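Next come the structures, one after another.
Next come two complexes, and both contain chain A; in the first it sits with chain B, in the second with chain C.
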Partner chain A sequence: MKRFALAGNPNCGKTTLFNSLTGSTAHVGNWPGVTVEKKDGVYKKLEEHVSIIDLPGIYSLSPYTNEEVIARNYILDEHPDLVINIVDATNLERNLYLTTQLLEINVPMIIALNMIDVLNKEGTVIDVEAIEKKIGVPVVAVSALKEDNLDNLMKRAYEASKQPREGKTIITNKDILHLIGDVNIAFKGKEVENPLFHAIKLVENDELEVANHSDLIPMVEAFKKTFNDETFGDDFEAIIADNRYHYISDNFHTVVKKAVKEEEEDGKKAVKMSRSDKIDRVLTHRVFGLLIFAVVLFFVFHLTFGENLFFIGAGGLFENVNPSFAGTAWEGLIWHEGGINSPGVILFNAFDMTFGWFIELVGGWMGGAPEWLSGFVCDGVLSGLFAILGFLPQILVLFLFFAIMEDTGYMARVAFILDRIFRKFGLSGRAFIPMIMGFGCSVPAMINTRTLADDKERTSTIRVIPFFSCGAKLPILTAIAGGVAGAFGFAHVDLITYSMYVVGIVAAIVCVLLMRHTTQKGDAAPFIMELPEYHWPQFKALMIHLWDKAKHFVKKAFTIILASTIVIWFLSNFGWNWRYLGSMDGSILQSLGQLIQPIFTPLGFGAQLSAFGWVFAVAAITGLIAKENVIATFSVLAAVIVSGFEGTEEGVEEAIIMIQNTGITWQGCIAFIAFNMLTIPCFAACATAKAELPKGQFKWTLAFWLVASYIGTAVIYSVLNIFPSNLNGHAYKNGQLAWAIPVVCVIVALAVLTPFAIKWWNARKARKANLGA
Partner chain B sequence: MLKKLDQFKIGETGLIKKVEGEGRLRRRLFDMGVTPGATVYLRKVAPLGDPLEVTIRGYELTLRKSEAQLVVLEVEEKK
Partner chain C sequence: MFQNPDWIWLEILVLSAVVVFLGAMIGTYAYKRAHHIPTGDCAACHINTKRMLKEYHKKYGKH
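Entry: the complex of A and B
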């Protein structure tokens, strides 16, 4: 099967063309070794099927980003039968820059002049034949969006792919051409493929070329000494870039005929207000830009996770309304305590109800089976699986909103607005999006880090994403905070909840700062980015995008996540005698919990607790399946302690029972919340992190989560211990202050010393590097 | 009058004379069309004063002041 590669700038309609050409045959994966998306599909309308490979969107073939290296290596090493270069007709000048580089490679090529419909609408006429004549490869005007002329494009592409094409350059500077010619001969002598391309890149002082062909550098250097251009001196890189742009403006300025003559009064180019400019005037406004973004963000989360849509019910509007569906399943689906649910929550509830119904159904079928078997199927496999799949609707809704923001071009503006703040922490403005997505769910957030160019920046961001407390961690917060309020008579539940979110954010900032100065050291990556024109999102592309994400997630849920879930189910239902217990009491997990319980002593929920104290350790482990399980674990044990106890929806009663029966202090409770927020996230997030992190970083990331949560929680517990353990009666527990004060002193001392420690660490590293060199 | 891009005021236009810096950063600037001879129009500054948004070669580009500082331009006189 012939292979055609799609190459072009970002935002030139490449993905749209790919979708139109391949339809349902598209397959999404990753390029080997990196997390850059690789898409391929089949075009079937020719006499033989053709495989289409979508290369990443790039501006140039220089090895600046991963994407550029991938595209370059693919064309050079994998020998596609043809390259389809997509050129955005509305911005010929910058798009053709890549074309001039692609022309230098020995590969058949065709140019798809895209967005021709937009030009026609403006009344602009483009002389396609003139371009073809000048550039020397077939040029076909198409509209990827309207699927115009695509058959013709592919027909001509197929014809072109039958004959080999020799690379040629448009560089006109005679002296440089002479040098390129010499290097070209040298490359030919070494029997290197694509000698012309390599020769030009070597003269351009390209990193990869210099590293691979250092033997030819003296030749270039010797030539450089004899050379002196009046404007550029011996700066070959600048001369060649300049040459390319000159070629483009000299040759293609005349092919575009605008219907409306640009107002060029007094020789000054009037800057026309396009639609994008008008939108930008509002969205990136100096004062309102940040505010508008905050509002947009609020609505995204509100529509995904809100249980009181637009707060319609807040004013008590529905207080006396008795919906006709009260008492039926519909009530739970769209109705929540007098408010209407958001689309995200409705989908979530619909999923949840379907799953619950399904589990009950299976449970009924298995009525005759042994108890352990139906327990395994219903509580182990199905419940575990559905706990993970249950996230899917909200993950997808969140993805949808962010995909719309990305698609319309707003996301680039968000990075533009926020870059200044994030650079302070050694990150770029782009890092904000994945972090804020973390408040919804870590899984899409971690995948979204792909937009970050720098690997170290990505690693640091992925590691702190779980600190932005996700939707599933909220029940832990509300239940335990409610429990603290109930058991210790503390009136401000929301104060606890709110401050826990702040703790997560502070921990994230501290950890990013630490990492960016030590193990993930590096300056914020340069921020040189196109701000694409705004356009309407495309329904089809969005759906394809969502479908890919859903497939990916479901596949994971059925493999690694399911396996881990089953292991934990087994541990929590079987005793050491391998007998099925049907409850946690006496299970392997319980004894494991008791074993590790002393580790948590400095955190306030370890050895100092009485009989049922192991529940906290166990809950932390079951929380790995899904953070909802933390409170579910309380619920299970509460039923053991108080016979006849039935679980409550919010889990507050459960928390109170735990507090009363374990003797945990309020400080310990809050420490427990903090621990769950900072520690290893759920299996779904772990699996995502493993896939998204650079090779070998996952084990360090797990260690990072453990250490960060342990230290962070210990700090919080110690600091809280300065306050009396009885919130109202001002009573201290025995030895509480004696412990707390020295520990807090040590913490303060360490915090002061940290910058010096970082300096020392970096100096040592630099010394080692010097020794090695 | 020669001026660096980070010193530009909103609405100013200039012709690039020289791109300083080295290595990858400079390469990137070239690839994005920031080469001597190109006309740059400073369109906007982000809400917190950095980065900048310019019009160059018919599209919008954003870059930080630290990168804009590498670009030396001849300011076009306003008429």
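Entry: the complex of A and C
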């Protein structure tokens, strides 16, 4: 099978082209022996199948970032049959810089001039034939988004792949060209593949070439002594880059004929702004940009979790209205006394009510079965499994909104807006992308930190990624927030979930700030990112994204979650004598839970709780395997605590049972959510962190997660204790204020002293460094 | 356990299914770890790759 590699600048439409070419076979995978994620798929419309490899987006083949090294190594070492260089036709001259470097490699090549539809729409004309003639490789104008001319591109690519191509350079400086020629001969003598590319890179003083071919450096150094450029001195990298840009502007400025629209503005002629520019004036505004982002995020959460969609229930408008489908199993599906449900809640209710009805049906059928059997099937397997699957629609709705924000180009703007703020914390806006990915899943988010060039910035980012609540933590948030609403009469579930997301973000900011000023000190790299044109989200891309999410979630539910549910049911129903007890009294789980329960006392869900208080400790531990386990554990245990409870309701009902039977306060519930948000992530995320972090950093990262979650949760619990335990009756629990006031005082003192402590720490380090020098 | 003859078949079935399921989960995980095959989320992609290659080899042979 032939292999074609896709190479191009970031945001040039590479992934869109990849998806269009490979269709449903597109997938993301880890390649054996290669440490960076690539995408690969198959194009099937030619006489033979062609494997398409999507390389990371890069601006050059110089080893400044990990992506550039990966792309360069792939093309040089893995010998693809052809490179498809995707060039953004709307930014032709800048994109051709990479092309001039790819031309130097001995590999067949074709240029896909992408986004031609955008140019056509603007009325801009591009001379494709002239480009082809000047560059000397086939050039095909395509639109990856609209799938225009892709078959022609692949046909010409297939033809081009049959002919070997010798690398050539566009450098015109005669003296440097002479040196390159000499080094090229030396490389040929050493039988190095792609001698021209290596020769140019060595002359550029490329660090990889210098390390690999140190024997040829004297030749270059001797030449440098006899050479001096008026502008760049003997900085050959700058001279060669200047040569490339000159070549591009001299040869290609005539091939594009732009349709410049002008409009009168205050009597002067001004270039008309594009639609994207106009939108950006608002969305990336210095002040309003952030506010708009906060409002957008709130509405995303409100549409996903809100139980009072248009806020009309709060005005009492629905007080005397019967719930929808009153008297049936689907009562309150669309609206209830509190108002109209959001789309996320309607879907959630539909799933949940169906599952509840099914469990009831199975329970009725197994009425005469032995107690352990019906308990295991209904309270163990079905309750645990359905409690998790019930959240699937809400997760999909939330990710649909995130995918829309990403696909339209808004997320890129958010990274741009946040760069200004992130820089103050010692991170670049680039770190925002993995962080926002953390809202989906920590695993790909941690892998994505490879785009950060600085190791310390990477370590800091990886450590705070779990604080961005992933999809798996959503059930914990929704169920406990729902439980708090049900048990304490607090009507705004969406406000609790929204606040907890904000808590995660704030915790991440505080931790990054501390790390970047102490153990992970360093300057943030400059953040350069193109803002893509706004466009309507593609239905196909959104569906692929959601399908991927749903597939992974369901697979996880039927493997690790199901296995955990079975184990938890066994531990909560069997004693140390391995006999079935039928209750949790004396069970293995109870004794283990009671053993670790005191650890969580400062966090509000430890020894201060009554009889079944240990279930929170157990749930916190089972959550380490997979976060969905927390609610699955609640579900199994609720069925054991309340005789006859069949798990007909999802996590919310279970959470209410837990609250009622443990005597936990609403502050303890919030603290429990916060602990799960901030603590060690699931096993899969831990394994990824271990692989991605620099050597020796993983053990410190584990310690960081434990300490940050413990301290963070204790702070949240103590601060919340200033408010009464009973939201309606304004009553404080015994010792609540006595506990809260000193802790809050300590927090304030620490907040004041921390900057001084950091200053002292840095001064001490600097002194040590000076002494060492 | 096994006291109600009407339900013995289901009790045996459920116990067997649990043993097979848990055994398969642990066994698969141990095998994958021992043979350096991706586990966790990466495993899904690995399966897709294998299936795709199998389809290709079936159609075009192993060349």
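Basically, the second predicted complex is superposed on the first by the 397 of 773 C-alpha atoms of A that agree within 3 Å, B and C clash if a C-alpha of one lies under 4 Å from a C-alpha of the other, contacts with A are read in each partner's own complex, and residues count from 1 in each chain.
The rule is simple: a contact is a pair of C-beta atoms (placed from the backbone, for glycine too) under 8 Å apart; a residue touches a chain by one contact, two chains touch by 3 or more.
Worth saying up front: this structure is predicted, and the values here are computed from it rather than measured.
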- prompt: Who does A:V42 touch here: chain B (first), chain C (second), both, or neither?
  reply: second
- request: Go through the superposed model and pick first if A:R286 touches only chain B, second if only chain C, both, or neither.
  value: first
Message: Between chain B and chain C, whom does A:N91 touch in the aligned arrangement: first, second, both, or neither?
response: first
Message: After the superposition on A, what does A:S60 contact: first (chain B), second (chain C), both or neither?
response: first
Chain B versus chain C, judged by how many residues of chain A each one touches: B
Message: By the touch definition at the top of the document, which applies to A:L624: first (chain B), second (chain C), both, or neither?
response: neither
Task: Would you check which partner chain A:A369 touches, where first means chain B only, second means chain C only, and both and neither mean what they say?
output: second
Task: Quick one: which bits of chain A touch chain B in the complex? Just the residue numbers, please.
output: 59-60, 62, 64, 91, 93-94, 97, 207, 231-232, 237-238, 241-242, 245-246, 266-269, 271, 276, 280, 284-287, 289-290, 412, 416-417, 419-421, 423, 526-533
Query: Given the complex with chain C, which residues does chain A contribute to the contact?
result: 1, 25, 27-30, 40, 42, 48-49, 368-370, 372-373, 376-377, 441, 443, 551-552, 555, 559-560, 562-563, 566-567, 580, 683-684, 687
- request: Over in the complex, which chain C residues touch chain A? Could you list them?
  value: 1, 3-4, 6-7, 10-11, 14, 18, 21-22, 25, 38, 40-42, 44-46, 48-49, 52, 56, 60
Field: chain A-touching residues of chain B, taken from the complex the two chains share
entry: 13, 19, 24-33, 35-39, 41, 43-51, 53, 55, 57-64, 67, 76, 78-79
